[in-house]
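Below is one structure, written out as structure tokens; comments come after it.
Order of writing sets the chain letters: A, B and C. Residues in each chain are counted from 1.
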Amino acid sequence: MARALHWWWGILLAFTLVALSRLVLPLPFITEVLIFSIYTIGCSFLLGRVGFISFGQPAYLAAGAYGTAFYLFYFGSNPYIGVLMGVLSGLAVSGLVGPLFVRLRSDYFALVNLALAVIIFYLMQKVLAGITKGDNGLWFLTNIASTPVLDIASPNGFFVFALIAAVAVWALYKYLDDTLFGACCLATKTNEDKLEFLGYSNYAIRLAAFIIANTTTALAGALYAVYLGFVSPEITSPARAADPVVVTILGGTGTLYGPLVGAVVYTGMKDVISQLIGNWELFIGFLLVFIMLAGEKGIWGTLQPRLARLLFRHRGSAGTTRDERPTR
Amino acid sequence: MDAQLLLSGVIFGLSVGSIYFLMAIGLSLCFGLMRVISLDQLLYYSFGAYVTYSLSLASGSLWLGLLGGVIVAGLISFAVERFVFRRIYERELTFSMITSFGILIGGIGVIKAVWGVVPRPVPVPTLAQVDVLGTGVPVYRLAIVAIAILVYAGIWLFLNRTITGKAIRAGIEDVEHVEGLGINVSRLFTLTFIIAGTLSGLAGALHAPLIMVDPHMGLEVLAFAFMVVIIGGLGSIKGTLVSALIVGQIVSLGSLIYAPLAQMAPFAIMMLILLVKPTGLYGSPLLKK
Amino acid sequence: MPASAAPAPDSALVSVRGLNTAYGESKVLFDVALRVSDAQIVACVGRNGAGKTTLLKSIAGFLKPQSGSIVFNGASLVGRKPYDVARMGLKYVPQDKRVFSDLTVRENLELGSYATRDYDWGRVIDYFPKLKQLMDRKAGYLSGGERQMLMIGRALLGRPKVLLIDEPTEGLAPSIVSHLKSVFGEIGKSSALIIVEQNLPLVCAIADKIYALKEGRIVAELAGREAMRPDVCEGFL
């Protein structure tokens, strides 16, 4: 029991804080933060553990979003099934392109994902406009039926659902970090050939990590779809490719809570900065450069070791070494 | 499809391909020699276009604007190399990708601040058309192709007939080895970076009259520019030329057939090529990840 | 424990002390020390992975040591860029016979001259007459032995005071090896050589002093005809 608590306490604390913030912060903001952080965590681990940066995360976001949208617009009205459809679409897309993408060198990988995002953008905007309604987007807010027990058609109910989803995702990633991502990190840090020799298939590990990360991204897309009740190609426009990358770096690559911290800061800053300066890109661009030159650790990446030292001085850093692993 | 349409499609494709080529050389060189992904080249492209816009509006001459655009792009690239890239050459590829991306985004912010968000049209220097095999072909587009050919010749001469160029070619093969001979590779890097920035600026300046300048133009071209580089193979000038020609024709002739597909086709081709040859057509396999 | 060796005079041309180098997180060299005097041929022998290349690279500036001192001609080399070190007169000839394959032999030499401003190719041709015929051939088409000759010849431009040569005879035919042996002997009269080799008979024949490197540590320093024999060296590895 104590062991389980030890494993869970970080996640429970983090998301209890998020839930409590509901009291002081507007609901749309927190919901957005939750979904955005789910969007980012895949990207963060892909970069931090596998060493792959993707400039095409919007592709998988769109896969999830449109999967859900198609279902809720054309077929049914149960939002749970809609989300499931979105996740399955994401699984399908990443499973389809994964075997090719994962073989590539890291720079080609980043750009090939960008290419995919652009392709999907054009597909949704023009080629398949018949079923996607092009730039007008698919509107299905009224289609969503209320669900028993937890009505995720309502803002409050959805928030709870998003919260639960986030906790589940975080638990998954924490678990993966001990197994899958741990192996990835080991593989990229030490000699890849050595690892192959020992029987690990580097390729298989990378592929699994890729599929999981992007299916998570698709989940975020599905959540966006249900939350907004509306999906348009804008969600995968190349201009949005920056978002997950920036949030990843901002929060701290590869750290468990980095995506959450990054999402909070990014979404918060966006509103504030836009009102103050209005020139969003100027700020975020130079911030990104600054973070990279200053050590790439990001906000949580810098805070976390210090907090750990502070809180665990007597216990040693056993429970938190994972997050302290140097980022790539 | 009638021959006249086909011909103008080909010319159109050549001019678009020329712009891609100019953009792609810089990216390819930066990668080949310094092993960095310089996404900020798209920023010099944008600045080249915008300065051309302002100067040509102010002075009435596009060619003057072009000159200004190229020079400013070169200067900005020098500043970026001096203050940012010089610190990051040793790092892995993803580092330079992210950092240069930050520079690109930040630079877009600067453009927005200076010029505003509204897209602006840039006047074409000449609307004259010349008769080629019975079709009217815009002189300006031919001029672009001519300039691109000149640039290719110039680059070829530089790399093959000057000692600095040979040092760069040697460096693309093995930088450590060049350094071991006593050659100051830092200066080589700076020079190459400035050449790349200047060519990107030229691409933007030439492209400006064909499209409207808008702050996000760099992002729109980003995917295409990189596609050309990837298909051709990072680090190969010849590969860049070939692939720019191909992509230009696909986009142009493809749009005569079915427009939306034409935009997507290059990406599909790129994926197919990478499937067969993961480093592009002429790309060199790299030891460093 | 190092075998007996006459203490080198303090006016050593190259003096390495307490050198510790690591590749990322794994340490490769532990407290390495060696000295080379003017016009002395010093060999460094050891098995694969002993750290020989790391040692040469550290001296030439390609790897930054964790600690230790490297002094060449009275100046410290630690922290200097490789091209700086090369300009000071200490040149590194890497293993694997890598030349610039896309450039011709002539162009390869031109690059060497460009850096050192030494256009006296006559000396190089004297050592390696074969290169004269190969001037316009692309270096990528040369045989292993020809490449090695090109690399060493090119490194001779600028009359370096010290040459660090990494496994020059690996994979070469005996006739070429013996040619190199006499070349090294000649060069060694005016420049200092640090040769890393696995070819024990060769180094025992030409070296003034042999260092044995095992798992990153100097385990022996041999001098004198009796000590410098292949079987003796072998014993330390």
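Keep in mind that, in the parts below, contacts are C-beta pairs under 8 Å (C-beta built on N, C-alpha and C of every residue); 3 or more make two chains touch, one makes a residue touch a chain.
In this text the structure is predicted, and so the values were computed from the model without any measurement.
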Practice task
Would you identify the chain whose C-alpha centroid lies closest to the centroid of all protein C-alpha atoms displayed?
Solution key: B
Practice task
Starting from the Cα centroid of subunit C, hunt down the chain whose centroid lies farthest away.
Solution key: A
Practice task
Please compute the C-alpha centroid of subunit A, do the same for subunit B, then give the distance between them in whole Å.
Solution key: 32
Practice task
Please report how many Å separate the Cα centroid of subunit B from that of subunit C, as a whole number.
Solution key: 43
Exercise for the section: Using mean C-alpha positions as chain centres, tell me how far subunit A is from subunit C in Å, no decimals. Expected result: 52
Fill in the blank from the handout: Touching two or more other chains in subunit B are residues none
Practice task
Would you tell me which residues of subunit B are touching subunit A in their complex?
Solution key: 31, 37, 84, 87-88, 92-95, 97-99, 101-110, 112-113, 215-216, 219-220, 222-223, 226-227, 230, 234, 259-261, 263-264, 267-268, 270-271, 274-275, 278-280, 286, 289
Exercise for the section: State the interface residues of subunit B toward subunit C in the complex, per the touch definition above. Expected result: 163, 166-167, 169-170, 173-174, 176-186
Problem - Touch list for subunit C against partner subunit B, complex - result: 60, 62, 81-83, 86-87, 91-94, 98, 100-103, 107-108, 110-112, 114-116, 154-155, 158
Completion exercise
Interface with subunit B, subunit A side, in the complex: residues 47, 51-53, 55, 100, 103-108, 110-112, 114-116, 118-119, 122-123, 125-127, 188, 238-239, 242, 245, 249, 279-289, 292-293, 296, 328
